[in-house]
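I'd like to ask you about the structure that follows.
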Amino acid sequence: MNRKILWLALGLIFFWAVPAGADTGGAVSPADTAWLLVSTALVMLMTPGLALFYGGMLRRKNVLGTIMQSFFILCLIGIEWVLWGYYMSFGPDQGGVVGDLVRLGTSLAGLEPRGTVPGFAFIMFQGMFAIITVALISGAVAERMKFSAFFIFSLIWSTLVYNLLCHWVWGGGWLMQLGFLDFAGGAVVHISSGVSALVAAILIGKRKGYPEKVVRPHNLTMTVLGTALLWFGWFGFNAGSAIVSGGLASLAFANTFLSAAAAGLIWVFIDWARTGKPTVLGICSGAIAGLAGVTPAAGFVSPNSAIIIGMIAAIICYYGVSILKPRLGYDDTLDVFGIHGLSGTWGVFAVGLFASKSANSAGADGLFFGNPGQLLIQIVGIAATWILAGVVTYGVLKILDAVMKLRVSEEEEDIGLDLTQHSESAYTILE
Amino acid sequence: MKYIIAIIQPHRLEKVLRELDNSEIYLRTVTQVMGCGRQKGVTEVYRGNIEHGNLLKKIKIEIAVNENYVEPCVQALIKGARTGKVGDGKIFILDLPECVRIRTEERGGLAIG
Amino acid sequence: MNRKILWLALGLIFFWAVPAGADTGGAVSPADTAWLLVSTALVMLMTPGLALFYGGMLRRKNVLGTIMQSFFILCLIGIEWVLWGYYMSFGPDQGGVVGDLVRLGTSLAGLEPRGTVPGFAFIMFQGMFAIITVALISGAVAERMKFSAFFIFSLIWSTLVYNLLCHWVWGGGWLMQLGFLDFAGGAVVHISSGVSALVAAILIGKRKGYPEKVVRPHNLTMTVLGTALLWFGWFGFNAGSAIVSGGLASLAFANTFLSAAAAGLIWVFIDWARTGKPTVLGICSGAIAGLAGVTPAAGFVSPNSAIIIGMIAAIICYYGVSILKPRLGYDDTLDVFGIHGLSGTWGVFAVGLFASKSANSAGADGLFFGNPGQLLIQIVGIAATWILAGVVTYGVLKILDAVMKLRVSEEEEDIGLDLTQHSESAYTILE
Amino acid sequence: MNRKILWLALGLIFFWAVPAGADTGGAVSPADTAWLLVSTALVMLMTPGLALFYGGMLRRKNVLGTIMQSFFILCLIGIEWVLWGYYMSFGPDQGGVVGDLVRLGTSLAGLEPRGTVPGFAFIMFQGMFAIITVALISGAVAERMKFSAFFIFSLIWSTLVYNLLCHWVWGGGWLMQLGFLDFAGGAVVHISSGVSALVAAILIGKRKGYPEKVVRPHNLTMTVLGTALLWFGWFGFNAGSAIVSGGLASLAFANTFLSAAAAGLIWVFIDWARTGKPTVLGICSGAIAGLAGVTPAAGFVSPNSAIIIGMIAAIICYYGVSILKPRLGYDDTLDVFGIHGLSGTWGVFAVGLFASKSANSAGADGLFFGNPGQLLIQIVGIAATWILAGVVTYGVLKILDAVMKLRVSEEEEDIGLDLTQHSESAYTILE
Amino acid sequence: MKYIIAIIQPHRLEKVLRELDNSEIYLRTVTQVMGCGRQKGVTEVYRGNIEHGNLLKKIKIEIAVNENYVEPCVQALIKGARTGKVGDGKIFILDLPECVRIRTEERGGLAIG
Amino acid sequence: MKYIIAIIQPHRLEKVLRELDNSEIYLRTVTQVMGCGRQKGVTEVYRGNIEHGNLLKKIKIEIAVNENYVEPCVQALIKGARTGKVGDGKIFILDLPECVRIRTEERGGLAIG
């Protein structure tokens, strides 16, 4: 009942807050718009792709729980973004910290084009990033977090972490002013979600039976499909972040592909050397590590650097997932920190090494191209992101746990989240 | 020889297998089944309609043992499967007059282990 | 054998009927063409997406039956469209009712560009709409209709309902002349298929055991994947309907996303309030309802209106599916009427309320923007679509039932359509 | 250990060999670039699509083995391509046989734009073709080839067959000089992989139990999804091969769709007539046959010809798969030769019949348009491709078999490739 | 006590369960099996080749009952499963010397219900 | 009558069914099960971690026969399933006091075939 009132209220707010009217800016380029709209669609597909990537690795009884979190975030943060997220992130800068806060609840007469693309295309493109960032976190708390708690957490996290960070890095905030480079979201998306995932996994605690009982992926083909959709969508993510079509988008496209390919190969080779077998989950994990690692660098480095970034991303994440995690003993169910957190951190750092003005004259040179200062800036950005994400996640989860409890009961965990949180089963057995 | 059939809760499987190991009973056959007993079935929602199903996922364990292992086996099953809640399951014990090991064609008590 | 002759004959016709030669119109815009081709590919993907969306909700024994219908329609109506569908729909208007009829069987020297896009791009884009409209109907008769009957039905229905309606609304027919607004197919696609689905479901009768026996989705992850592909493809459907790239396409894109997100949220909240659980099938159903609802409005309304349209679409469809259907007692297997029929009707109506020239100056104003006349026109369009679709479907199915029977035998229904109609099983059990 | 050294060495080479720097050519068209980048992403998606298409037809115990081969190829050949493949294929012609060989290991200062598209877009687009061609072969040796052997084979095959052929046909080699027409890879992709698949299937020998034991698809819905992704991606494959956006891309798009639709229909009708049932695997097989058949012709023929090409492709492949293969008795597991080999050959031949300057003035006229010479050229191209692919595949596999054995042990074949090659199972049974 | 195993047609499951309920037999365990009997197997088509398989999907129901419930149970099974066509299935009745309820450790006739 | 339960390797199923056919035993029920016996379990790798599972995929075949068919049946099972390696499986033979054919309500030896 309270919920009904809530969304009725929200409904009324929508009417005022959301931009009206199509763009008529003369500067709009049909080619750039086409590219950005396609990229937006590609990035949108990543969230269901992530749902499948994650879902395949879980037990049958918890598949829907995690898929639901991704799908719900797609809707929830999609609306949050046009209500206040976009304005907080890209509104006129307020002291380097945040964009427009008062815009919440007032009507916009229309979105102006951003450069050569319509405002609606830009707001949607950026919104997809806000969505997938939150969805990523769900992998760390899979198989045990209450849906209601995740719902409230997402809304607060997106507002306090994502929107701020997005403003700092891309919306004119202090990190952008400092010259911090993050092409498509190594810090904004991957470090922020990865670090928050780590904090959440630790706070919520291990799953029953972990680590004695190993949960094997219930359907690896689903994870493979998810990987394929993520990789496909990542072209929009990274190459779309050029916003305009042309040479820079092509460079980012090539870098994205090559880093993923190199990382996939390296992971397989390490697996082969260490365990005697090249694994499918290994190549998928490697590819994702390579994609996350190259994200901040895609438009700033040359393809040879992208390949090296991917290779090292695979090595770091392999280490994080197979050696560090078991040693430290936390239960980050699907290795959100081990893959996105570590690879994102490495990628942002790598920009400080490999960035080169010969690749992108609007970027900067990194250490290897004679500019050690950029590396320092990158380290500042990494530290800021770790701190913001870690501290806010810790605080929010602590409060939420006190208020509503984060975790399902032991019995619910036994029965599984699908039945207990959603009254559904992913598969029938008999027909 | 006896042929023991146990129906247990899926999430107790790990524990039951461990208890059987502890009792040195290593041979078994496990099947996924659907059960309907005293336990209330699950409720599922389908496009706004609430449905009460009555078949629940269960695990069936079959173990063929010599007489002297029957009691240890039953105890191990109970120890591993019991939560005290409705739905814990049942153990059925049938007579097993003959048993053959395919690999060696051994028969009877020799074949069972 | 008769079939062989049939397609040999068809083969010969192809040679003459299908347009030859690439377009060389000087006006072609590469950017608009790129956008339209991508949109066409996206809409094409919706039909397999629909097959999975539907297939996941059925029993294991009937999955392939419904998937086959979608795939077969993709081929069949694809060819029908270039043989006569396109000319009936977009050929020179004949008294407001139909386009070019004589074109069937004569050769076209080449398709002229339509505006800034090549004729081949336009014919393909429109063809994908004809395809998915028929495929949608298959959900209502799933688990019991004979494949052969569905085959003949589709061909006749597409010719007599879709092609006429498409001409009326988009091809220069009387509804278009009247000023009826349907941006991407609320009436042409969703009302027409939804109403026909209702008629078909009633005529064919309930499945054995319905409604006592509830059929649970055999694989909800398949339905989730289908939803994702539909949503992804829908960007091409709605934003591609701008035909050109730019501000209007961006507006339609944003409206599409926001309506889906809002509808998904609302459905989940209603579910939560009524049944105590937020469900995955609920969020998928809601998103599809929102997508269908915003389809006619995507390019005519502002985003705040799109959100409201989505919210109301979810409420109406939830009511239709969970309350109306059980009460009326018909067996529309996968709720084609409850989702597409109702949401399409609402969306077309909503254009008469929310349309605004400030959103699209080539559109019109609706009731809320001071023009009640538009609402009247929309109601006329709704009525015309309901009547055309309902009457023709009724007539065609009655005749087909007399001639060849629509429904499989009771025994075949028991065994399932996969084995009895296609001699295949979707899944092996043992290996 | 040797492997570690190998990839360390490779890693160092990368640094020099891979092009650096973004393109700044003034001639770059944002619209064409957007189209080519989207097409590249679409073609990339085809390889995972193929993995699912293939995987669904296998037994549960061998699914991952084949999926892994596709995914691994995506990474491996992706890197091979930027290291030497691209230069061998598109570098300055050396006597009609091969491009630039010395480029391996030297650094490129930057890729120049190719026509109106950035060099990075072009290299990536072409790379996706190299990838899927090798991946196609994996279907013929499924369920019995060692992963390690497939790995080495791919690298050599891609270098010696694909790169040469690509140069001959598209990179300025002797077939191109001769006027051989292959729009998007009938010879380069489909004949080459199909013929090699046949040779490989014969050399490796039949699976245990073949042909007495029929292996039924373990999950036809996976094959359906794979077909959908392949079809979707094929728009990028064929229409993207126009490289620029506009009329030619639209023509190729329409031809692609229509050939697939016609072939799907015909296959279903033949199935229906011969076996009494229209099958889902049949429509999928038909569509793929139609897509492969129209590939070389997509930009050279008119849509009516494309439909006829598709229809005949379906007839030929149906015959090859259902009659020829059982009669000859080889075990081409997933009919790579029967579909791609035969359909590719037919398509390249058909260009010699149906090509028409009225469809594409930059193309040629075929036999039916008064130019029998083109047919001769096409036959020369077919013969050259068959010979190159057949001979090299035979030689390479013979040597590899001697060195490392191609086939898993009988026991491993019994247990399945997933467990024995990759220590993974696609699905859990209990949870 | 008896251990009753019935193999039935999958589409009769609902009806059989209803008949069992009517006879006040509420406890059972259901498994998906493949059967091969007098019924002609299914024909499947694979890329133009017609194959006659001989394993059909069946449902196995296991019910442990006290002696006085055996006949009612068999009658309920027959009533629910019988269509009169080949493939209707079989009922096998085994002796069940012992039974244990895991939750309470009750044994024998008490445990079965 | 006897109720024969055999656990075999999945890849021997085809061969076992053929041998049963050869011995004119056409009726059977097949189930997918997981087994744990003397055979070493499979090793799986999960993100760099090597895990030794101990449940293996097996096939269970159930055959009800009249006494005179017991030995032929056991021989056919052995012939079809035996590879001589650990993991070949077991045959369990239970007494079957009663059997009913649902279609005809025949009982006993008549019903079994």
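Going in written order, the chains are labelled A, B, C, D, E and F, and every chain counts its residues from 1.
Just so it is clear, a residue touches a chain if its C-beta (ideal position, glycine included) is under 8 Å from a C-beta of that chain, and two chains touch if they have at least 3 such contacts.
Only a predicted model underlies this, so the values are computations on that prediction, with no experimental measurement involved.
K.L.:
Quickly list, by label, the chains bordering both chain B and chain E.
P.N.:
A, C, D, F
K.L.:
If you take the chains that touch chain B and keep only those that also touch chain D, what is left?
P.N.:
For chain B paired with chain D, the chains in contact with each are A, C, E, F, in label order.
K.L.:
Does A-B or B-C have the larger number of C-beta pairs in contact?
P.N.:
If we tally the contacting C-beta pairs, B-C comes out ahead.
K.L.:
Report the inter-centroid distance (CA atoms only) between chain A and chain E in whole Å.
P.N.:
Their C-alpha centroids are separated by 50 Å.
K.L.:
Rounded to the nearest whole Å, what is the centre-to-centre distance of chain A and chain D, using the mean of the C-alpha atoms as each centre?
P.N.:
Centre-to-centre distance between chain A and chain D: 33 Å.
K.L.:
If you look at chain B, which of its residues touch at least two other chains?
P.N.:
Expected reply: 30-32, 34, 44-45, 50, 55, 94-95.
K.L.:
Using the touch definition from the top, which residues of chain C touch two or more other chains?
P.N.:
In chain C, residues 29-31, 34, 38, 216-217, 219, 225, 275, 277, 279, 281, 422-425, 429-431 touch at least two other chains, as defined above.
K.L.:
Quick one: label the inter-chain contact graph as line, ring, star, complete or other.
P.N.:
If you draw each chain as a dot and join those that touch, every dot ends up joined to every other.
K.L.:
Which bits of chain D are touching chain A when the two form their complex?
P.N.:
1, 3-4, 7, 11, 14-25, 28-31, 33-34, 37-38, 40-41, 44-45, 48-49, 51-52, 55, 63-64, 67-68, 71-72, 74-76, 78-79, 82, 107, 110, 113, 117-121, 123-124, 127, 147, 219, 222, 225, 229, 421-428, 431
K.L.:
For chain D, which residues count as touching chain F in their complex?
P.N.:
Touch residues, chain D against chain F: 209, 213, 414-415, 419, 422-425, 429-430.
K.L.:
Which bits of chain E are touching chain A when the two form their complex?
P.N.:
Residues of chain E touching chain A: 10, 13, 30, 32, 59.
K.L.:
Could you list, by residue number, the parts of chain F that touch chain A in their complex?
P.N.:
Those residues of chain F that touch chain A are 44-51, 53.
K.L.:
Can you list the chain E residues touching chain C in their complex?
P.N.:
Touch list, chain E to chain C: 9, 11, 14, 32, 34, 42-45, 50, 55, 57.
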